[in-house]
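Order as written gives the chain letters A, B, C, D and E; numbering starts at 1 within each chain.
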Amino acid sequence: AREEAEESRVIKIGVAGPMQFVHGQHHWLGAEMAAEEINAAGGIKVGDEYYLVELVKIDTNELLSVEDATNAVERALAQDNIDLLVGTIRTEAAVAIQELMMDNEKIFITCGASLKQMADKVGQDYERYKYWFRVTPLNGELLARASLILLQYVGQVMKEDLGLEAPKVAVVCEEAAAGDALAAAAQQVIPSFGMELVGIWRPSPQATDMTAELTAIRGAGAQIIYTYLSSAAGVTYAKQWGELQIPAASVGINVESQAMGFMEATDNYGDFECSLNTYALVEITEKTVDWYNRFTERAGEFPTYNAGTYDAINIYREAVERAGTLETDAVIAELEQTRHTSAAGVQVFDENHDVIWGPGYATAVGTQWQNGELKCVWPYNWEGITYPGTVRYQIPPWVAEALQ
Amino acid sequence: MTAPFFQVEQLTKKFGGLTAVNNISFTVQPDEMVGLIGPNGAGKSTLVKLIMGILKPDRGSIRFKGKELRGQNPWDIVNRGIAGTFQNTRPFRRLPIIANVMVSCLAPRGRRRGEWVKRIEAKARDALEFAGISDLALEPAAHLSHGDLKRLEIARAIATDPELLILDEPFGGLNPVETELLAKSIRRLHRGGRFGRLHSEGMAMIIIEHKLSELMKIVDRVIVLHFGEIIAAGTPREIVKNPAVIEAYLGEEGA
Amino acid sequence: MLEVKNLTVCYDTAMLLNEVSLKVNRGELVGLVGPNGAGKTTLMRAISGLVLWERQMKRGTRAGNITLTGEVYFQGQRIDGLPPHRIARMGLVLCPERRRPFSELSVEENLKAGAYRVRGRRAYRDTLELVYQMFPVLQKRARQVSATLSGGEQQMLALGRALMTRPVLLCIDEPSTGLSPLIKGELFAKIGEINRSGITMLLVEQDVRQTLAMAGRSYILSHSKIVAQGKKDELMADETIRQSYLGL
Amino acid sequence: MIRVWLLRLYRDFKGDILALPGRTLACLAVLALFIAPLFIRDTYILRIITLTAVYAVFAASWDLLSGYVGQLNLGHALFFGVAAYTSAMLNLHLGLPPVLTIPLGALAAVMAGLVVGIPCLRLKGQYLSLATLAFPIILKGLVYLFKEYTGGELGISGISRLAGSRLVECYIALALGAVLCFLIWKITDSNLGLIFHAIREDEITARASGINTTAYKLLAFCLSGLFAGIAGGFFAHYMRLAGPFTLDVLLSFQAIIWTIFGGITTIYGSVAGVIILFPLMEILRAFPEIRMLLFAAVIVIVLRFMPEGVVPWFLDRVEKECPRCKERNAFTRTRCRVCRVSLSEREVRARTTTRA
Amino acid sequence: MLANILVTTLVNGAAYAMLAVGFSLIFGVGRIINLAHTAYYMLAGYSIFTLVRVAGLAYVPAMALSILLVTVVAVLCYKLLIDPMREHETTVLIITIALALVFQELMLKYFGGHFRSVPGVAEGSLSILGVQVTRQQAITCAVLAVILAAVWLLLHRTRFGLAVRATAQDMEAANLMGMDVSRIATLTAAVSAALSAAAGALVAPLNILEPHMWLNPLTIILAIIVLGGMGSIKGSIYGAAIIALSESLVIFLIPQGSFLKGAFSLLIMIIVLLIRPEGLFGVALEGER
């Protein structure tokens, strides 16, 4: 009987991701760090009982098969009886898993997929979709806004340093759901930034070669390339961009450039690539530097937005502790009240259960590879924010040379 | 004057620089059995393929019972009532022999007389019996010997219930005993002797063959092709004496 | 030169050859006749190693359930069990039934393929000349894709190709099918000539009269068995054989 | 009357099914599949059973087109995807219930069959296979292009469920799967099936036999599309999502893998392939790191020793073919159950001259 | 613009042709659809990566060693797995898919799902007709020309080539001519794999290394082969050029639709096939009986 009691005092958290890949590994490492910390502190306090956290690793294989991903999650639901699911990355799979979790009325905190429509559903059909939350990254629309501000900043630097009147911008935006928002926003906003749009390229996320696009961009006379690349194409792009010495600064979102192995993957040609990021080794909050270092040490990798599982689990812990019960509705009510300071900023959910962006909340950061080191370059005097440790954006030397 | 039963007019087929069939015209009557001979490469098989719609002629026309066949699909031609066997046998290798023949019976023409699906197998068996390979009915065609394949080809053709049957070297690969027997059956088929339940009327035939001794016994008329052109036509007796034919085709001893 | 002892070949449940024994001496021209489906082709394939090769290709399936027992000797060496290309290299060459040209290759390439084993350009040229002389049509069609040849032309090609290998013992399976009487007559004359030039031959033919006349000795195969053998006169002497197998 | 009928049924059952181990086993397996869900409350296992049934139809429809008609289709997911999208759109935008959307989706797949079939009529062999590979990829391009309608990368989600509970859905799938697979098998067993065989074996000969190969090939594309389409529509409603992944190259390859693993040109082989391989993939979740590796290795090794597929290999062990009448017999018999000929003796094949 | 399109077509076409020619060899001549072909390409990439980055070898010996290694692996696979199945065309298809998956998973297991880059022969870029291309691309073009010439000579000017083509037509007859068909087939498989590995050495440095990198080029080379006509080396070149051109056109003329380049080039393939069902340089034996 004692044993049973022991056993019942466990909260099972499913961590879903493509575990063979960096994404899934970050999901898992983030969750593992959180679980270890929580368990070391005695567990999650529900009422006056302590519950230990037990993680269930769900290898969704989602990059290859969506159906396989849903099977894996269903298995975790039915056979491992998970109470909470965190993770997922590929949009298609995330949507399918969202439906599945809602069918099962279990809480699902997304860390990885940025699709805005997932949150919109909460607004449209609260009763069905209320179990869903997102911690990282920002949703597509916010990412677009943030990255455009990053672009504006880089444009500013180019104008100042090189004396350009109206920098010409080419947009390279992956053909993916999140990319649509960016492409649309870029088209509207870029002229208002005092820049000139010279063309939009929408390569497939599966593209294995970008020389044609890059040659076309060079032909269009671009001086800045604004990117949204979330897949392997980002590596190809950056490598060929450097190797072909395209005379245009590259800025935007290039998810792969957030990884530590980016320099190696691009044969160092990816140097000076600049991308929006979730974490950086600057003091976003007082937790950031410490956590960033611990994660890096443990993973041998910089944390990416997928490591948000760490925050997700902690947010959940806080909500459960505040609620004093594991009863789902109560936990959701508390989750909605979340105000959690994490390594990425202050996490607050909006009415659609999506993470809020802005000064004082999670801001996202801009990072740039500068001579082989990943530096934080933004926010740089944005809305009065400059996180301690931030450096100025550097124009790639060959670009500066070509444009002078 | 009514249109001839089967008529080929000025048919020409070129392969690159080579004219395989050159301006050929002839007719066949419904009760006729015509032999088509000529040296190797004379264009006989090409002519058959043209008639059967497998190759498209460059020029000329083929008329069957007053209807133009040129440009028709092979299966339309078969369903009009012309069936042919080919020099190179190509059976449905993995299907049993009986199934090979049943396919012909399943063609719209094979079913013409309102026969039911159930009788198809019986019909196919009749055709096999005619060709003399009914004891192998259940063997896959891949197992057949060369001679038996030729027989299968004949069974396949007659199972479509044709009015004009074109046989391309039906005796190839048969020994003299078998040749004689098959020749007799073909003759019977032509005369309208009932074979099984399939036929009450005889059919017109065009036979291509190099085994002259047998051919000459059964045909009414012989057409001789050389370099794609008709060099002689007439009764078997006339033909074997024709010096042009002897020179091009028969050789001294063949005559 | 060639000796087949008690050769039995079974394909799954069917027995295609039943204890067949046969002998071909150096320089001989031996005929092999029999009704359709008797097993002549199978015998040729077994001698040239194709039956075992087929077994190897189809292993793991029911069609690959082939058994071959008995012994085959060629020039004193046991060859059953050897792969076909080794047998061919020893000089035992089969000119297969149904001609089997390399269909997408040109006539000339086909002949060149026949000379695969022949070393030296001279030897190749000479044999090619010989073949072209024998079948002038082939020279005319040298560049044509062999699948588009007429039936008779293909038959000539197959023979020519077999000759290109410079065989010691040439097995020919039904060479006269599809040939016009003129060419056929010439062909038999040539076969005799080739034989006299020192190439031993095993000839499977449907034209029984011709075969028996040409061959020194002949075998009659029926029902998977050798039912009779001997010189023309000996065979003709037996009334039952003459009527039921030879039809003469 | 009823008794006679029942007696007849029993006799047929005994003669045609119990006499052959393969058929007995198949019946048992189907029976087990139908009974099992009653005792299983685990939604995960129900899900696996459901998807197995759906994929069985999908694989069988591939076999119909590729195994029987020989039109080796490397892009079979096209039919699946077209039907999934159509069903999803009809359901979401017009609010039609699944009973209507699935047939309509299948109809769309039939149209897709025509669209693919017509250009493919002229192509042969490997050219055809590789051309068919292109179609789903092209369609995927269109899906991204018209994302207002197709939802682009996300697909169409939020469509209605098939039935209230997983168990009911499972039974619908099982019933549908059993009926459709049986139907496909019946088609291949009919005269139509014979014509399909003929077209595969030799198209030119089939034409010379008076078969309108064009029409029949198109028919095959449509039929195959129909069945794959039903599977696709069902799948969409079950997953409640139709996305570009329903057009994946790997999904097409799956159908091929299943079928060939089970035994091509048999229908029951493809069904067995799914029943073995799909759950196997789930069982292998126990080894997440090397799951795909094991899966691929199993296929390679099994096919290495059973090149014609698992089912034919198995049947060859437990059943013997009568050398004379070609009927199949249980391996235990010594005499053929139909013609009584001894099963162990070798038949001398050749015949005497006097025939015709 | 025109120069851009042409040069891009040229360099990308060369990379594609490089991948396609080996495939074409075993496909057209051995009648095997070897879907693991690009997996060999991947293996070569990883092998070079390991030898250079981990073992510290220089590029050229690493490349040679890798080609050798991959060829050995491929020949083993051929001998053990594909050769015994040759009678069963569809089974070969599946075995090759499964093989590709095995390689993919092995790479995934040992190298993880990280993206890496293969070092190339030469770094940096140069300008052709005012268009910047990487040195590696230029070298690929040059080597491709040499390889194509070599393969063509091998097939059409040597006894071995004749034997290879004859074997493709009729194995049984080839046997009777004294050709060792199984050795010839093995050698064909080896040459094909070596070409694929050579592509790994030349083309992989242009792209990046990851365990799924075999799938995408696969569809492209299939399209190229079909376009060009089975087994025709000349066809592979033209096919590659057409595919590369159609891709470049999409990217330069409708940049917004860059993602359609794959679909568009496949559409082109289908259109060409409708006009010439046997591909541009395939042999059509119409009405062969």
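One rule holds in what follows: a contact is a pair of C-beta atoms (placed from the backbone, for glycine too) under 8 Å apart; a residue touches a chain by one contact, two chains touch by 3 or more.
In this text, all values refer to a predicted model and were calculated from it rather than measured experimentally.
Path length between subunit C and subunit D in the chain contact graph, taken as the least number of steps between touching chains: 1. The chain with its Cα centre farthest from the Cα centre of subunit B is A. Two chain pairs are in question, A-D and B-C; the one with more C-beta pairs in contact is B-C. At the far end from subunit C, in terms of centres built from Cα atoms, lies A.
Centroid to centroid, with C-alpha atoms defining each point, subunit B and subunit C lie 29 Å apart. Note: centroid distance subunit A to subunit B, computed from Cα atoms, is 75 Å. Here the CA centre of subunit D is 32 Å from the CA centre of subunit E. Work out the mean CA point of subunit B and of subunit D, and you get 41 Å between them. Shown for subunit E are the residues in touch with two or more other chains, namely 84, 87, 108-109, 257, 259, 262, 287-289. Multi-chain contact residues of subunit C (touching two or more other chains): 14, 35-38, 60-61, 148, 245, 247. Counting partner chains per residue, subunit D has residues 144, 204, 250, 289, 292, 307-308, 351, 353-354 touching two or more of them.
Those residues of subunit A that touch subunit E in the shared complex are 18, 20-22, 63-64, 175, 199-204, 206-209, 211-213, 215-216, 218-219, 232, 235-236, 239-240, 243-246, 256, 259, 261, 264-267. Interface residues of subunit E facing subunit C in the complex, by the touch rule stated above, are 84, 86-87, 159, 162-163, 165-166, 168-181, 283, 285, 288. For subunit D in complex with subunit B, the touching residues are 191, 194-195, 197-198, 201-202, 204-214, 324-326, 351, 353-356.
Partner subunit D is touched in their complex by these residues of subunit A: 19-20, 57, 59, 61, 64-68, 70-72, 74-75, 77-79, 91-92, 95-96, 99, 115, 117, 121, 175-177, 180. Interface of subunit E with subunit D (complex): residues 27, 33, 80-81, 84-85, 87-88, 90-91, 93-95, 97-99, 101-102, 104-106, 108-109, 215, 219, 222-223, 225-226, 230, 257, 259-260, 262-264, 266-267, 269-270, 273-274, 277-279, 282, 287-289.
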